[in-house]
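Across the two complexes that follow, chain A remains constant while its partner is chain B and subsequently chain C.
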Partner chain A sequence: MSETENKPLLDVENLTVRFEVSRGGSWGKRSYLYAVDDVSFTVKRGETLAVVGESGSGKTTTALAVARLVPAYEGAVKVGGTDILGLEGEALRKARQRVQFIFQDPYSSLNPRQRAEAIVREPLDSLSTKSEAEKQEIVDRLFAAVGLRKEQQRLFPHQFSGGQRQRIGIARALATQPELIICDEPVSALDVAVQAQILNLLRRLQAEFGLTYLFISHDLGVVQHMCDSIAVMYMGKVVEHADRLSLFNNPLHPYTAALLSAVPSVDRARREATRRILIPGDPPDPVNMPKGCRFASRCPVAEARCRESAPDLRDVGGGHRVACHLVDERAVSPLAALT
Partner chain B sequence: MSDTPVIPEEPIQKARHPFVEAWEMFRRNHAAVVALAVLVLIILGAIFGPILYATDPFEMVWAPFSPPGVDGYLLGTDYLGRDMMAMVLNGARVSLLIGLAAAVVSVVIGVTVGALAGFYRGLVEEVLMRITEFFQVLPTLLFSMVIVALFGASLPMITFAIGVVSWTAVARITRSEFLRIRELEYVTASRASGVKNLRLMFKVILPNALPPIIVQSALMVGSAILFEAGLSFLGLTDPNIVSWGQIIGSNRQYILDASFTVTIPGLAIFVTVLAISLVGDGLNDALNPKLRQR
Partner chain C sequence: MTEPLLKVENLRIELKLRDGVAPVIDDLSFELMPGESLSFVGESGCGKSMTALAIMGLLPEGIGRIASGKLIFDGEDLTTASEARLRQIRGNEISMIFQEPMTSLNPVITVGEQIAEVLRTHQGLSRKAAWDQAAELLDAVRIPNPRSRVSDYPFQMSGGQRQRVMIAIALACKPKILIADEPTTALDVTVQAQIFDLLRDLRAQTGTSIIMITHDMGAVAEMAERMIVMYAGRKAEIGPVDQIIDHARHPYTQGLISCVPHIMSDLTETREELTEVPGIVPSLREFGRDQCLFASRCKYRSGECLQHRPPAKGFGNGQISDCWHAEAL
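For the complex of A and B:
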């Protein structure tokens, strides 16, 4: 890897997003749901960070907060060194050009009343000052880049298939030549065959335009195919953050280990080598979080201190960061003791 | 994976405009198609009738209460001996115009209030919806009578009075549509594209919220015509113009002696409002995507 690639483009520090939940009518005590709680991670320029986790772990909220689509309560989101959370007006519009979003559901993320060309041109219309001819030229190039034909520009979204719709969504995200693209489960609504096409397209575009991806997913197979490093989220917290190889080869947090053991494999030897780790019970109530580790109630190796204090995310060597009391500098999975 | 992008094999569909699809759904509702034809006839009659049948509706042309078809007057004469045919044709202009203009007034107020409430939520929504409820609980006919009585019975004032008491339904529908649509991903996508709030409201959300608003507005034209008829029946109208309600109102004392003088304009109102309602119903079928699959 060269020097320029190693500089972080996105640096998220202590990001917290909370939602007000009213319990007991409008006069009841205000309580807050911390959907994203003190989350920090970095993405290097030109690389892909996958954020994985189960439903309700706060990964989509994290993505929306990074893109300034959901207000953050605390923290900083630095893109190329500047914190974009405090920006307003013209400065925010500049930042939006650099950070674009690909949405999960291609059926609801395209305005049904707009033609495909208008959808792709929208970011240019509101963020750039280019002339009409320039915009048309960019739209033409984008359609070609994502594998759509020029004649299809005049069509409405319902005249496209799911994969084609997602291509339109990708073209829209590319329109302002962003540096960072946040992909919120971009293939989870598509057929498996189409998933592969879209993932390959995303990889090709990354190489072509030097894009940096923040890739939200719950599908570890997809993640393995796409990313350079991974952040695992559980109940609004990052529990493990490492590069792809060390995370897949040596998952340290018990939750990560359980998640990885759930990935189905056709390889018989591998299937027998990995014992399925079952995690009993349900996640805790997100409004009344336990004071200790949030995974303690379901963790097969939890100890008394896990229920007392929440572990910090700390480096256990080689940039492998994990939030577990039971992992020390030797970086051995606490589950190893079980087998 | 090669470097060339995968060109999807699906055949390119013809770009069919949503209006074309809507018309095809509308066509299936036969009652609505008949009603639309009737409505077009009424509108043509209102536009060209007074030109082709150039009798002054205020002029006394014959003896009073001449029954329809007798003495050469197709619809007879009223209590002052005026030609009913000329009155109904001229009245159609006023009634349709007021109906349309009042509907426009209420749609403009209703959409603005509903859009702001549904888009900004919070305090804005709270205040605007309380105001809407205030207008909803007012006795509408009484309130518009007060407005007309206070500010004079001119055509614009009558239109305004009708519009100002009937916008609440539009506001509520607009708000509910905005509440639904603002959470959809394509609105979030537009925000990520840096679209400003005003454009987001009226260029992104409103076009998608339009179908139920259009249906409601169509029905409102009908109710505005009824409203105008009610007001002019009570005498709250410009004496220098003829409207259907006014014909009924001025002839009401003679309802037993010459019932045709109130029946004919009454029928005109009935047919027009029924046609508008049926067309509105057809529009509902045509524009409601949930019915598309049936």
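For the complex of A and C:
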């Protein structure tokens, strides 16, 4: 493998995003919700990193910060080695061409008054300096690439089905020939049959154009199918980050294990073999985070030290990173001791 | 042999459209046994919720109506029952958890009061008794500190807890049938697993029959004994869950199962393309045609599929498939 192939395309370092929240009562006192709290991860060029975690864990906020759609409070977002968080003007415009976003909701993310061709051409208009003829050629090619017909370019969003609208969203994201595409729940609003069409399309486009994906989904079956590596988030923190096989075959963080054990399965053998790990109770208040591990209140194996200090995300071997006091270099799940 | 608790016979529900009517449910028959757990699956717009609303007597007024067929509950035909009688049955014997959990609770009334109100109107309990029982129900659906949480407003609870309150309300009158329309779609999988455990335990304890509507085959496999696959207002396939998953006899069912990337326990490097079912569900306007409505998306399609609606083909094991080529599949 050459040097450039091995280097990550995206390198997120100590990213923190916080929101100011008003908590009635105390005058003038500002509280902050750390939606993304000191998060680091990398994605190799041409690969897919999936981000999973429960609702409110900070997946979308992370993605928005990487795309500079919400301001980061601290940290760096390096795309091909350049930190894009500090960029402005022309340099920012160039960087924006390299990072595009596909949204969850194919219904509201398209301008209802624009024709499909104008929607797909829009990033070219605002981010590139190509001629009209060149732009039209690109739009034609994109329509073909996402499986839409040429005559459909003239139609408006409401004249398309949900799956077709998501295809338009994908074509638009591809328009500036980006290197990194952020997909935030790209198939959650779609029926399963249409979902399969879009997932296959995303993988074909990735192979064809060498795309790198940051892929957010709450569906672990979809994640397992799409990703090369995974980051599991819990309350603003990455609690586990590993390649696809390590994470699914040897989940080490108790939250990851609980998450995987909760996925309903059509496979009877898997159902019978899976021991459900229950994590009752509520996550902590995000404005008032505990000093120890954020998962301790629901963790079936939490010990005193878990409530005392927050575990760091550490490499326990082979790039498998886990933030849990009970996981060490032997890389044994702490739940193995439970019977 | 025990009698079915609910018998749906040749049910046809018509919806009024701008230009005519469409059979949103077209000749549907099935039975539900006491204590049984049955699931409806299918893509969006196939008529799953409409079936549930018909059983509840809650079809959209002025738009939907039962055009023909019978809904026999405990020996009584609900299609000819009076509105007063339906109301009685609705609260007491059949209850439903609706698709949108966040909108089905009243935001300005405490959850305890919302449960207690059901108990007072349907069971004639006193204020005090109803309030006490509301707390007990919250405990039954495993909300911690039920005695203090009864005074919470819906916004003070998490999505999963609100859904549990919905279940508590639905269970308040010990219904014989509990209909759950996508009860966990908006929830995290870890919470979904808890709700499923809860429903399973409640069924074991009370013998309530459960009809669960979902689009997730995995959820069906976990929760139901039998399933009905709906397509464009018609039953595509019905039968025992394990058998259908092992060997579906309808191309649509096969498609629904194989197009989903199911989670695997022993993952390997290999990754196949997902099976695609091309196209989408036809529009309401096309429901009711005398042909197989799945034909435009089906790889087994032949001449007769486009000429006539396929007849139901039964198999010895209780599986029934409405497909011209069911035996060959």
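Some notes on this structure:
What we mean here is this: the second predicted complex is superposed on the first by the 330 of 339 C-alpha atoms of A that agree within 3 Å, B and C clash if a C-alpha of one lies under 4 Å from a C-alpha of the other, contacts with A are read in each partner's own complex, and residues count from 1 in each chain.
In the analysis below, a contact is a pair of C-beta atoms (placed from the backbone, for glycine too) under 8 Å apart; a residue touches a chain by one contact, two chains touch by 3 or more.
If you're wondering where the values come from, they're calculated on a predicted model, not measured in any experiment.
Annotation for the three-chain superposition on chain A: chain B and chain C fit side by side. Once the two complexes are laid over each other on the shared chain, residue contacts for A:329 go to neither chain B nor chain C. In the superposition on chain A, A:276 makes contact with chain C only, while chain B stays out of contact range.
Applying the stated contact rule after C-alpha superposition, one finds that A:161 touches each of chain B and chain C. In the superposition on chain A, A:263 makes contact with chain C only, not with chain B. Rounded to the nearest 10, the angle at the Cα centre of chain A between chain B and chain C in the chain-A superposition is 80°. Touch criterion met: A:109 reaches chain B, while chain C stays clear of it. In the overlay built on the shared chain, the residue A:224 is in contact with chain C alone; chain B does not reach it. When the two structures are aligned on the shared chain, A:20 is found in touch with neither chain B nor chain C.
In the superposition on chain A, contact of A:149 is made with chain B only, not with chain C. Contacts of A:90 after superposition: neither chain B nor chain C is touched. The least CA distance from chain B to chain C in the superposed model is 5 Å.
Residues 161, 163, 197, 200 of chain A are contacted both by chain B in one complex and by chain C in the other. Remark: chain B residues 1, 3, 5-8, 10, 12-13, 15-16, 18, 184-186, 188-196, 199, 204, 207-208 touch chain A in the complex. On the chain A side of its complex with chain B, the touching residues are 64, 67, 69, 92-93, 96-97, 100-101, 103-105, 108-113, 115, 122-123, 126-127, 144-149, 151-152, 154-156, 159, 161, 163-164, 169, 172, 175, 197, 200-201, 204. Contacts from chain A toward chain C in the complex involve residues 54-55, 161, 163, 191-197, 199-200, 203, 218, 220-222, 224-226, 244-245, 248-249, 258-271, 273-274, 276, 278-282. Every residue of chain C that touches chain A in the complex is listed here, in rising order: 43-44, 142, 144, 158-159, 188-190, 192-194, 196-197, 215-223, 242, 245, 255-257, 259-269, 271, 273-281, 297.
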